[in-house]
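Right, one structure below, let's go through it.
Each chain carries a letter (A, B and C) given by its place in the written order, and its residues are counted from 1.
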Amino acid sequence: MTSTYVATLELAAGAVLLSAVMTLWRRSVSSIVAMLRLQGVALCAVAVDLALHENDRALLVTGALVLVVKGVVVPTVLRRVAKWDPRSRESRPLVNVPASLVFAAGLIVLSYVVGTRITSLSPDDATRLAPLGLATVLVGYFMLVTRRRAVSKIVGLIVVDNGIALVTFLLTSGVPLIVELGSSLDVMLVVVVLQFLMASVRHHSRIDALTELRELRD
Amino acid sequence: MTGWVYAGSATLIQVVTVGLGGPLLVGLMAKVKARAEGRVGAPVVQPLRDLRKLATKERLHARHASPVLALAPVVIVASTTVAVAISPLVSTRPLLGSSADILAVVYLLLTGSAAAALGGLDVGTAFGGMGASRAMTIGALAEPALLVAVIALSLPSHSSNLPRIMASTLAHPDWVLGPSRLLALAALVIVVIAETGRIPVDNPSTHLELTMVHEAMTLEYAGSELALVTWGESMRVGLLFSLVANLFVPWGISTHATVLSVVVAVASLAAKTMLVALGVALIEVRSAKLRLFRLPELLAGGFVLSVLAVVTGLVTR
Amino acid sequence: MLILAILAVPVSMTVVAATFSWRAWVGWVSAGSCALILGLGIALGVATSSGPQWALHHSLRADSLSAFMVVVIGAVSLLATLFTPRTMRQELSGGIISARYARHYVVLMQAFIVCMLGAVVTANLGVFWVCIEATTIATTFLVSHRRTDGAFEASWKYVILCSVGIALAFLGTVLVYFAERHVPATAHGSSLDWTTLTALAPHFDPNVTRVAFALVVVGYGTKVGLVPMHSWLPDAHGQAPAPVSALMSGVLLSVAFYGLLRFRAVAVAALGPTFPRALLLVVGMASLLLATVMLIAQRDLKRMLAYSSIEHMGLLAVAAAVGSPLALAAVLLHILGHGITKAVLFLSAGEIAHLEGTTEIAQISGLLARRPALAGIFGVGLLSLIALPPFSLFVSELTMARAEVDAGLWWAVAASLLCVSVIFAAVGRHARQMLFGGAVADAPPSATDRSLVLPLVGALVVCGALGIVSWPLQSLLVHAAHGVMP
């Protein structure tokens, strides 16, 4: 029983990070959104696995919420938003794909180095995996910084958010208060950022109008 | 059977199996691709027939050819054969199995690649040089991914010796589904596709000047030398496929000296490599060849995957 | 009770603004509610001088520092809301917005004020985080209020950068919680209360706390406008309506900085002073340098003010790095002085932009001759901003420099004085261009509305008075500074 728990946890946490890397790797919006969907499902698996292990009903509900929000709602909304974008590919990222993949490898090693210093405080089965969550955060952040298109930036933001959710699950084993805080972050992302994007899409009737704007600079 | 006899016969069986099986795998992939595209396709044994026909034909050298041109095919076949002989494919205890370090096998294969590139360069034609430079570029790009994936594979058993990795996997079946293993597998598949020159890295059936990589290097060969080069290449395919299969699913391999276990091992090896070949053929059918400039993307992806494999391996153990 | 009243006033004002459609009286009532908050804040300051106040089963807690922050929020939001009717009238008559958006605007402004007040009176750093997050939501829509291309671009940058910042701060909070949970003494369960945390901090694991504090500094530093993630600030401040810029620059930055001060206390207790000091010094000096460089060649009036906010936040971070009671008291005085001065400047700059139809410095000239009252206020505000005596910013900057010298940070004093003098020259040059420059037309000087002049002059007088006599604040500042000593 325990070993299934550990194996599932390892696999799901690995899948979260893998899908983060895949969002850097792939170019077409549809496959990037598919990766986000995978990430949401993997995150849900982490939560459910922890919940079953610790007999925590609240966490089980959280897992279901994660599945609905990150596995279904966010990717679906994102896909709809992306339809407004005339270009379906990230044509000119600030850092090209091979370089960003190599950079991501560096970030993963970095988060391993930093993360193990944190997790050495209590090296149990869940906590040990926290460096994977940190790496997801860094990869998402990198995507946010180096990609130009609005949709890619939002994907980066969501990856950062998922990574933080993973770290939270692993480090705190789903303490109610913390999890509620985290879910308010998701609300902010989904409601505000996407709502905002939709509003500006209605205003400009094009999504990339936002990122093409270069009015404000010094 | 005593130990020496067992080891010796296992080695012999390995060489024969891969020597014959390699061309058959190539034929199988061609057949699968043809069927998927709605054609009947050549029979699976066609590559063997081609080899037999080429072997009887006269060899021709260009006027400015140096001995390198004649030497290269021999080196290709010899290095691949040694790699096949020492790797644990049918048995975990072949002759010289203790020296079957994963790095040794990799560099034996690279010796073959280097010989092929030199052979391509030797006559000095434009295509040969172009193919050689491209093949070396791809090889150089694939190498970091390969080495890091090797580290990931050797983490759990604390050894890079192939028989030992397989033995410890046999003892711990739960390792196979660990995230580290799966990521390393994905990275290795990318590397193997690059090293064996399949789509999306290279198209083995093209003769279009702009896209040829491996075919461009063999343009200057004819007759029995061409047969050697092609045969070496298909042995390389057989070896890499069976290594991937055995590293991740080693069950079926013979660990002790009975006739039955060896028969089972050959049969299971054939089944596993056919599955790998099927998978690669499906990848080939489903994807288009990447432009050469997009290759670094694919191989950098393989590199990240293998780094991921190492880090998850360190985190989870 | 006082704490509850402080929250209840703006909450009920939000409800009022949401219920009635926009009329001028709604604006005046909202200004009245802000005046009430200011009064309650002063009362809270008196009440907390004998010890912290609690409310709602210890979920709200106010010490002198909270009371001081309430006073700052009350003062600046009073100034900003006094301009609401005026701004709405200009925008409605100019056809920039429709009546529906005027109502949105008032509701969002009040909600924004509620969130900031909630952030400073909560006892729990999780709730603090939620409040800061909520300010991001409210201000995003306030920044894009005018619905122009520039406004959308600014609020897009703002929402993306601040979401990341907020997310990083959340990660830091989670790590702090993780560190707290593994303190052996708290086997019975732990809380995220500032008081509990500060008490337990000496037992925290230093590795975890170090990473947590770094994340918090970068995360909340985004909202403060400190260097690695500051780039939203000039855009947002330049594009938002003037009262919103006044409120954001005057208090939102400081409220986020308040969080950094609290976290610093925890970090110093856990790690000793070296690491927090080094980190704050780096981000502070970097912000200061960046602001200096950007101010020299600035072409836009409102962006100039925004970069000056980055400069002042940098000064605050450097002084907070020192962390002596003197330095912290100076930091707080600086927060108040900067809040009021920046509000005056943004509000008068908004008026200038409305009258002149541009915010480009090069296209504004001879203002003092054409609109003496407005230009006078603006000019005096700039003098206050570059910390000339007798204004309170002069006193606080001097005190911060003294505290830095006491701590042996000579190089920091030297570097920040150099930056401040360069900024002095740069702002002076821009001011000369706008106030005196260009050919003066013969047209008679136009008068300025008294409803505009009175509040701004009043605010500047307060700033000046605070620089000369700080006795009403002295004990509050000292108490508050000791509240964030580990």
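To be clear about the criterion, a residue touches a chain if its C-beta (ideal position, glycine included) is under 8 Å from a C-beta of that chain, and two chains touch if they have at least 3 such contacts.
Keep in mind that what you see is a predicted model, and the values were worked out from it rather than measured.
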item	value
Those chains which touch chain B and also touch chain A	none
Taking each chain's C-alpha mean as its centre, the one farthest from chain C	B
By number of C-beta contact pairs, the top two chains	A-C
For chain A paired with chain B, centre-to-centre distance based on mean C-alpha positions, whole Å	36
Geometric centre distance via CA averages, chain C-chain B, whole Å	64
Between chain C and chain A, distance of the C-alpha-averaged centres to the nearest whole Å	31
Chain B: positions in contact with at least two other chains	none
Chain A contact footprint on chain B (complex, rising order)	174, 177-180, 182-183, 296-297, 299-301, 303-305, 307-308, 311-312, 314-316
Interface residues, chain A side, partner chain B - complex	3, 7, 10-11, 13-15, 17-18, 21, 25, 97-99, 101-102, 104-105, 108-109, 112, 115-116, 128-129, 131-132, 135
Chain A to chain C touching residues, read off their complex	114, 117-118, 120-122, 137, 141, 144, 150, 153, 157, 160-161, 164, 167-168, 171-172, 175, 177-178, 181-182, 184-185, 188-189, 192-193, 196, 199-200, 203-204, 209-210, 213, 215-216, 218
Chain A-touching residues of chain C, taken from the complex the two chains share	126, 129-130, 133, 136-137, 140-141, 144, 147, 149-150, 152-157, 159-160, 163-164, 166-167, 170-171, 173-175, 177-179, 181-182, 192, 205, 207-208, 211, 234-235, 238-239, 294, 297-299, 303
